[in-house]
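Everything on this sheet refers to the single structure shown next.
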Amino acid sequence: MIKVGIVGGTGYTGVELLRLLAAHPQVKLQVITSRADAGTLVNQMFPNLRGFVDLPFTHPDEAHLEQCDLVFFATPNGIAMQQTRALLEAGVKVIDLAADFRLKDIASWEKWYGMTHACPDLVAEAVYGLPEMNRAQIKTARLVANPGCYPTAVQLGFLPLLEAGVIELGSLIADAKSGVSGAGRKAEISTLFAEAGDNFKAYGVSGHRHLPEIKQGLARAVSKEVGLTFVPHLTPLIRGIHATLYGKLTREVDLQAIFEARYVNEPFVDVLPAGSHPETRSVRGANHCRIAVHRPQGGDTVVVLSVIDNLVKGAAGQAVQNMNIMFGLPENTALNNVPLLP
Amino acid sequence: MIKVGIVGGTGYTGVELLRLLAAHPQVKLQVITSRADAGTLVNQMFPNLRGFVDLPFTHPDEAHLEQCDLVFFATPNGIAMQQTRALLEAGVKVIDLAADFRLKDIASWEKWYGMTHACPDLVAEAVYGLPEMNRAQIKTARLVANPGCYPTAVQLGFLPLLEAGVIELGSLIADAKSGVSGAGRKAEISTLFAEAGDNFKAYGVSGHRHLPEIKQGLARAVSKEVGLTFVPHLTPLIRGIHATLYGKLTREVDLQAIFEARYVNEPFVDVLPAGSHPETRSVRGANHCRIAVHRPQGGDTVVVLSVIDNLVKGAAGQAVQNMNIMFGLPENTALNNVPLLP
Amino acid sequence: MIKVGIVGGTGYTGVELLRLLAAHPQVKLQVITSRADAGTLVNQMFPNLRGFVDLPFTHPDEAHLEQCDLVFFATPNGIAMQQTRALLEAGVKVIDLAADFRLKDIASWEKWYGMTHACPDLVAEAVYGLPEMNRAQIKTARLVANPGCYPTAVQLGFLPLLEAGVIELGSLIADAKSGVSGAGRKAEISTLFAEAGDNFKAYGVSGHRHLPEIKQGLARAVSKEVGLTFVPHLTPLIRGIHATLYGKLTREVDLQAIFEARYVNEPFVDVLPAGSHPETRSVRGANHCRIAVHRPQGGDTVVVLSVIDNLVKGAAGQAVQNMNIMFGLPENTALNNVPLLP
Amino acid sequence: MIKVGIVGGTGYTGVELLRLLAAHPQVKLQVITSRADAGTLVNQMFPNLRGFVDLPFTHPDEAHLEQCDLVFFATPNGIAMQQTRALLEAGVKVIDLAADFRLKDIASWEKWYGMTHACPDLVAEAVYGLPEMNRAQIKTARLVANPGCYPTAVQLGFLPLLEAGVIELGSLIADAKSGVSGAGRKAEISTLFAEAGDNFKAYGVSGHRHLPEIKQGLARAVSKEVGLTFVPHLTPLIRGIHATLYGKLTREVDLQAIFEARYVNEPFVDVLPAGSHPETRSVRGANHCRIAVHRPQGGDTVVVLSVIDNLVKGAAGQAVQNMNIMFGLPENTALNNVPLLP
């Protein structure tokens, strides 16, 4: 059994980790920390866990995380980088669901996240936890930077085209739409039901933290810089991301074949039949990414539609997938549930 | 392995049965029928099932249901009663998720459902499939009438009070609210997103088909008629029923203790701590009923709050629970998933 | 022109007042205060007001409210009672949309609202601003306590029955459902989209501040105490309240006739034809209350369905209606817009 | 008073026309036709109209539309073209809210709409009713083709850039998101609450009827063909369209100034301050289009955000605006209501 600790279990990625890990046959949930809610039963805050998780939240000072085999950070940005070194030195593996270890360029990270980084050397060591890109390295990693939600949907959609070298690299467009849980379980006016309900808007058009992360991943795939316009939108879903991706074809290709070949062995990337339109609800609660590729009117613009559940493949599910890989388990352990539709 | 057939797999109870049965280790999905969609892959209509269910819909005439061990009817009312006798005679067990076998009083059934009943003798044989009430009989039943969604939530909320004999029987009130999936996957204007979204209304106040079903169950519990006012409402949820129940206490009792004692051994009925308010999302996608009991201002009115997922404990999940009982399996087989929150 | 000031214009009742007053031909919006947002253009926070309201928020210290003819308080509870005396002494009329002047019983108010009241004498003077009950007194009032949202829907539904003396007074039940805007524009986790969306729950079953307000109003109508069980619920609507009311008939009556007679001259109470089910969206954005009365199965339980828009008839619209009455204007001035459906 | 008839008043554009016209001081609603619902009171189907519209639906054969000054067609495609000639010959002006007269290229229309056109000569005469483009011609038109909802949002967003000649014409991208009311009030499974709720998807990527309409309008603005990729999406809103538009700049320009200058005199197009993100709810129920223009990271991709209410500026409101222009009334008559937020 893998002894697992979770730091910061009161947010949506935290409760989602708990939902998935509660059903994991090789995991022993050791401790879940929360400074503010120490002593409260986890299942009092999240009654869906009644009968599945009986632990209370533990104060970080009493968590003894060094006794775990693996610690997940489901914390705000800037927390994991303070505690990771000690855990690694104690032989504990770490998966950070926040952004602390995602950007290799420290200066860029510090600019976008507005903090000084506490451990640039660990950033260098950290493996970017997108299994479809980095599976081999994840297998042997001590420290995994779990990707952001938008970056997961966008990179999985663009990768086949980039790797096949069939689109212009200078003018990629990612028009992405996210459900409101992506903003986290934080008391804020802008994500109130009466604000975000029955409403649709773009945000962060001038710049969003996931932009450098996506560009880093795409650049790595082609070993050169890419030009990307990224426009995120908030849509009245609880869960779900839909990325609509646009690129300019540079030559005639069988797009469907490229996508199918790229993902033929991937357990969690599902290339839909030609002509399909994936729906966010088709992955609700599950770790799948479903993708369709189109070439409208036979022109030179390729359109990729990519959907994930932002809390699963975009966060907690991908983290469990990474854990499975790191611990040599079948990759879909505890991730084989059928999406909830309707 | 239990060879299972599903008649009418294109509605919400059908796809929900498939979601649950796809994960059932003792079930072999043999056939799913649909007259209109014969030949279509099930997972083309319901892409959440991609990778889990590979069958096409089969035309009823070619379904060979008699080769199944168990057939679920997820059909409109009036279908199961036409086909059940032949199946039973072929040694196939039947669970009807529609209403054909729910009301023992044939005249009442014919009035509320507007049809002549095809097999009153089978109604007499059928066991009403509320395990918390009829577990022993379900165990040996050939034919189970799976309860309606409202009746499940309302009966589970009232039963402890009735069995304990602590409320007036003449003036029960059930104010129930249902998500829109309860109306089924039918092309109708009144359940369009632009009609039912951001809108709340009562319906059927003068009379609803679930009224006689609830009254029958409550009457059985106390061996006498009960007076019930039942007001259903449509609320902009996809899934979920919240029943708010009112009764007049006839003597001093420890309400919390009554509820806890009644359901202490029930795997799917969860009595919340005193003072709680169950949320529908706390059972989303799961077979649980969560219940809280209140006595506002210490008066003589008792208020029970009862929530279920109308497609799970209110339909497909309860059907699987009944199947597990009928076939001697652990009752929670394939029903042990954590509810999806948020 | 009536010179109008609004104290606390950054909440939902504030922006709704602005929406209505911007179209009022006899109103000059003089000043809108906000401590936190002084200097910000109102229409920057609420872009729906672009082209209609060009004022900035003014700091309370610079508001010169004493130069207004009328001041609306759209503030949290406990603010209006601090400032009302000075305004009244300066000859300014006051309408408080919060609860400071709603309960005549000071001890009860202090218990439910957890504060010491600053001006019990003004509570005695204040007129409860439900025009269908108190029109004559409102006409000459200096200080109006605008009713709560639930109390408006519930009282309008019960009044005809109480005044006609046809129901038992000891066991009234009000099962009420509110949209999320009723909780205000406050940064709180429980009303986030990802918490309140696709979810339904009761709250405050053990006691809610609107309970004593409703009981006070009903008691006044019959000149004796009434027994009421009040259960509020949160439903995933932005706007709207649906109250489902239950009472026990004491004699044979023509319920439809009683309701129609009671409200025949009321411009904002619409009694629907017998057998109707009012929808919350049928009053969205408008000052109407729509009511239907039922007697299921001809029994002795009467069921009243009452819907309002909690921000209009339940708050800002009723406040404008009160203003119109206080200033001798046609009661529907600026309140004659068609509800927005769908 | 303008005597107005509405053909096909049972859909969402019909009820929205009624909402707006009921408040129009120069309009006398003469007749509203419906074949299926003749005899039913309009306000029975749409209770928001109680107290505002007292007419019943009239059977088309008894409608005497030739006695109107103006007839609106709020019908499915293919109806208006059958009846328009007779009306025009009787001296009646016509505004078609469907697509019959939108495309000048008859062959294209017949391909996209799958019908033979009944009156190509009237197509030639018809004026495309986008006032911001064609105001002068609308003023004298007998027959106006009211634009589609997507085309309105997309054209208003692209026009300033095209007219200023600052973007490449070959690779425009319009990523558009629509609320569900855009699909009409038709009994269809795909727009049920339980299908379209909590779900997001693209549709019609291979081709949508609004594509040729948009291309026609944009081409007219620059007197040459444009290349456009148009991807519509369905988002769980009742009302609202958000178009996110992408183009490649061909030279340095002050984008904000271009947009402000283009629309400085337009009563219903609101260019937001630089850096803004318009929300669909900021135009809910109103005839405004709000637009913001961005140039992310100072690159050569321009991003335009354009929002409308699909039922108002995208349908009924624009139709009333066209009527006002045709009859010499102030353009904002009956269109000056404040959007409903929240």
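So that you can tell them apart, the chains are marked A, B, C and D in the order they are listed, and the count of residues begins at 1 in each.
In this section, a contact is a pair of C-beta atoms (placed from the backbone, for glycine too) under 8 Å apart; a residue touches a chain by one contact, two chains touch by 3 or more.
Just so it is clear, the structure is predicted and the values come from calculations on it, not from any experiment.
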Between A-D and A-B, the pair with more C-beta contacts: A-D
Most widely separated chain from chain D, with each centre as the mean of CA atoms: B
Between chain B and chain D, centroid-to-centroid distance (C-alpha), Å: 45
Cα-centroid distance, chain A relative to chain D, in whole angstrom: 39
Cα-centroid distance, chain A relative to chain B, in whole angstrom: 36
Multi-chain contact sites of chain D, meaning residues that touch two or more partners: 12, 179, 181, 185, 194-195, 197-198, 236, 238-239, 278-279, 281, 284, 342
Touch list for chain A against partner chain B, complex: 12, 15, 19, 22-23, 46-52, 181, 185, 197-198, 238-239, 270, 272, 278-279, 281-286, 288, 290, 311, 336-342
Chain C partner contacts - residues on chain B that touch it in the complex: 171, 173, 175, 177, 179, 194-195, 197-203, 205-207, 227, 229-231, 233, 235-240, 242, 244, 246, 248, 275, 277-281, 284, 294, 296-297, 299, 301, 303, 305, 307, 342
Partner chain C, residues of chain A touching it in the complex: 12, 179-181, 183, 185-189, 191-198, 236, 238
